[in-house]
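What follows is a set of structures for review.
Shared between the two complexes below is subunit A, which has subunit B as its partner in the first and subunit C in the second.
Right after this comes the complex of A and B.
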């Protein structure tokens, strides 16, 4: 049973679509107001004027800006992100290859963070003010204030350089001596995933905990928690079934904000670990003025967040029966 | 038959600096099976603390300092087939069960008292408005209580019982599938009453059952409680600051002030033969609908702080009748009838007798006459005495 009405959902989808149009336009403007042009990387001083002019022509840069804009908007909505001048392939292909890799890394850290964070937050909020709460809370704040790249380097130093347990870069073994089967690939990816996952998760859970802890603490004062105790339920049941279930509602909102931050971190972390995902792609694209790739990468990330927002609205109606979308409008 | 005997119970709250709030101080009273007993008093007089302490539901800094709570019933594990305490349990000196089969609830551990909660003593909390969990269906919350204490019940049967209970308090059974926010205030209150009866307890604690409800609904809730009592034969311990609620539903009552019981006895006696200055003051400050132009007279001053309280009668600072003796120690519960008939102050031997904690119980006529006058209850009179 869902309490989301079809009409409301349709309306939300239209709004999400309009949001994406605005994002596309902003991307178009922003990347064109950057100094330099994306053909800078393709030009070398030996080229003649005609050669340069031909390159400009090929990339449509001689068209008036508004025509470039219209063409850009049409292309994007038909899934044509153009060609990358530096990678010499279609950008959409590049995205299809890179996006899953980023999703593997940051999807897993997201899941780990949003399992560990709310669980720890639940216990700390339930036992708020206890010595355990004080020590865990302050040490987690300490972790939270460490820069993610620094943690990453620290872990590389420890687990790769010092102990030699885990690889520090790439997603696959570069010159494998084993056969590529589904199982070995999976094992190999997990092996390479371990260190970046550990580094990101090390601080990634704190954000969710910071929302869950006060939320849990507020809930303990509620009448229904008292009544649950009065019914003779065990402390464990009261905490999990009655308190935590209600405290979780604000955490769902936090998850969306958290997702944005995680993608933000991808840019840094993927470069530290040479993880061939979107973050690395964005950095390379910006540095080499590969506008089509940068634009598309930003757009894909923005689209992810818009879709996630839509998704949380649906999740909300399951988490909290008081929330009804699409009625009384 | 006595269902609950509270014997010399003291409850305290620990405060940061090693001092303690004496929220309930050496309180004794009995509740008979099937009767309605009222605890009345101003906010902060310890009535809710007293009720919560019976089934260990105090806040984390609260604790029972001394005393016993003898309850006619025992843990499921200590029961024989007839629901009585096993002889072996009575004979075991480590188990807080008395010769007559009564169990000292105050001596039970946390996990033991959980078996008593709801199964033997159910509680309707002060804020019944938000006592229902917003994310679960109302019916499921009732079923939860049934399955907790009778785990062998099939789920379908528990569900049927939940619907049946809702119907008994005047809520359509199909509303069991609704959530709390779909209920009105009065319905929530009735749903909590239905929930309280889920495990057929012998005792129901109703903490401010009518606060925050309008008078029409209040009346219905009180009727509901009376109907439930008639049907299930449950004892009800009602807590309220509203003496009109007490007058309406209680067989017997106790008036509390500053953690002490000031006066207790049959409700009729307390209203008609009021024998304690505090009760007189409390009566003055309540409006009655029959006397339209009645001036309300309140008791000047504020209730005392209960943090390491001083010697002497708790009420003396606000009492217009205080004498020298009142500073020495808090008065014991004197037998009112004895005092009226013989003029002697004798401590009441029977908890059920009309009792009053006042050194001037023997001068009741004077006190009652003066208490009706407004000028008695001014700050000046009290300070000048």
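Right after this comes the complex of A and C.
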């Protein structure tokens, strides 16, 4: 029983592709309307006009803007992200190196957040209004209100500066005394992951809880919950099997919000912990006007988000049979 | 003369009669709000911050020009080398000067800066929250109600496009283009944060319009506008209140993050800038009296918005 028609899906895929094209065009315009250019870091006052012209020529800046735009769009269709003027490597290589690092850090916090959050939310939503609900809910809101870099500083102060248990920066030990094997690499990454993971998860799980709690509370008034209770099922079974499953629908949409939150958190947290991921890359690229890298980084993130949104729309129809997309076609 | 006065009184009477139910609703809403200790605490923090923002001079021990050891300007001396050595100074109460939360490395009182910064945070939170709600909620309602039509398509494609741009990096680009003033930061935050409201309200509307009361309103011949704003909107209002509060809190935290990354109007006073200055001067792990208060102030204001928002949800949507 398919609740989503193939034609609708095909249409959505085409539309997602067009969305990406529009995002890229928007980025092209926005990034170039920022004052300054990456070229300023390459030239100095001693250079002659010809030398500067030659540099501009090499980076294709002397072409008219529309031709740069057409070239940019064509290059991206063929997977050619160009070269970075500040990192002096191919941008695609840079992306391939940076993206997994961000995914390690924020994928793990995402998983932790979306396990803990809905579970606590389910519990609070079910017992809404009780004293336990009130105290847990308000203290989790306090957690949620902390500036991420500030709480990261407090954790670094406690676990690194004061106790000296955990490293406060980088992803690997800088001058290791051990040999790099698969095991030591993993151990080393986990060791460096601990503090950033703790700092982000400390705040991150509340987002999922905030969606789950009211959703769970709404569900408690539905007929099928009443029916399940009337059947004599235990409170636990009703909560887990009948109420929570239906209450998870908005959480699925919220997970996409959570995905966007990943990159936002990444920007600040990677900066605090000198974690060499996408967040740091994109901010540095924007600030140094490294357009090839900034475009590619935005593009990768945008592609990720667009694909995930497409994916949720499909999942949505499976989770809530009442919603049907593409029926009228 | 006399008849005129009685006319006055009767119109007054009529007005009061007309407004009585509304006052009654407000009063009962207020009494329900005060049942939530969390909301009352939030409101209390909010009021304190509003007072700080409006009358900083009354609460702050010094003016922002005050410098440790020298006092208020005009200064008749300069800081000696030994005095500079002692900065940032831990909390001191009268000896050698009065600074309840100590000073920063420039000799300014931390408590003074904290209180004078409330205005900035308040302004950013309220303005950005209101702006993004006013854009996001109506668009979400319309989009959800006309789900699967070209109206929904258009709005959702626009949301998709905006959504593909990550919040903070995009905000950095916007702020870099328009300049780092507080107003531009607010506009940047609002441009990027109405999407959440729109998506959530749309999702809610999508499932609400399948409910039987919407069907019956339709059968009864109600227009689309009436169904949207009369039948569906009251049901999503609690959620949009929550999101207004969340946006306000989010805006305050986003501004702090921007300041941390070095994108803020550094001529103004804000908690984010205070935190940025600690890092710049390298005292993050040495001067707790300078590190803790700005973060705590940010946390409490953001939490106050959340507290009020979530208690409002219970008031407008009493389910217990």
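Here is the rule we go by: the second predicted complex is superposed on the first by the 324 of 329 C-alpha atoms of A that agree within 3 Å, B and C clash if a C-alpha of one lies under 4 Å from a C-alpha of the other, contacts with A are read in each partner's own complex, and residues count from 1 in each chain.
Basically, a residue touches a chain if its C-beta (ideal position, glycine included) is under 8 Å from a C-beta of that chain, and two chains touch if they have at least 3 such contacts.
Just so it is clear, the model here is predicted, and its values are computed rather than measured.
After superposition on subunit A, the partners subunit B and subunit C are accommodated together without colliding.
An angle of 70 degrees, to the nearest 10, separates subunit B from subunit C at the C-alpha centre of subunit A in the overlay. In the superposition on chain A, A:320 contacts both subunit B and subunit C. In the superposition on chain A, contact is made by A:309 with subunit C only, not with subunit B.
In the superposed pair of complexes, A:63 makes contact with neither subunit B nor subunit C.
Once the two complexes are laid over each other on the shared chain, residue contacts for A:133 go to neither subunit B nor subunit C. When the two complexes are overlaid on their common chain A, residue A:149 makes contact with subunit C while staying clear of subunit B. Residue contacts after overlaying the shared chain place A:80 against neither subunit B nor subunit C.
Note on subunit A: of its two partners subunit C and subunit B, the one contacting more of its residues is C. After overlaying the two complexes on the shared chain, residue contacts for A:242 are found with subunit B alone; subunit C is out of touch.
Taking every C-alpha atom of subunit B against every C-alpha atom of subunit C, the smallest gap after superposition is 10 Å.
Put simply, subunit A uses residues 320, 322 to touch subunit B in one complex and subunit C in the other.
Across the complex, subunit A meets subunit B through its residues 222-224, 226-234, 242, 245-246, 319-322. Put simply, subunit B touches subunit A in their complex at residues 55, 57, 111, 114-119, 122-123, 125-135, 144-145, 148-149, 179, 181, 192, 195.
Residues of subunit C touching subunit A in their complex: 37-38, 41, 148, 157, 160-161, 163-170, 172-174, 176-177, 196, 199-200, 203, 206-207, 210, 239, 249, 253, 256-257, 260-261, 272, 275, 284-285, 291, 294-295, 298-303, 306-307, 310, 313, 319-320.
Only residues 15-16, 19-20, 22-23, 26-27, 30-31, 33-35, 128-129, 134, 137-138, 141-142, 144-151, 153-154, 156-157, 161, 214, 217, 221, 250, 253, 257, 260-261, 263-264, 267-268, 271, 279, 282-283, 286-287, 297-298, 301-303, 305-306, 309, 320, 322-323, 325-328 of subunit A touch subunit C when the two sit together in their complex.
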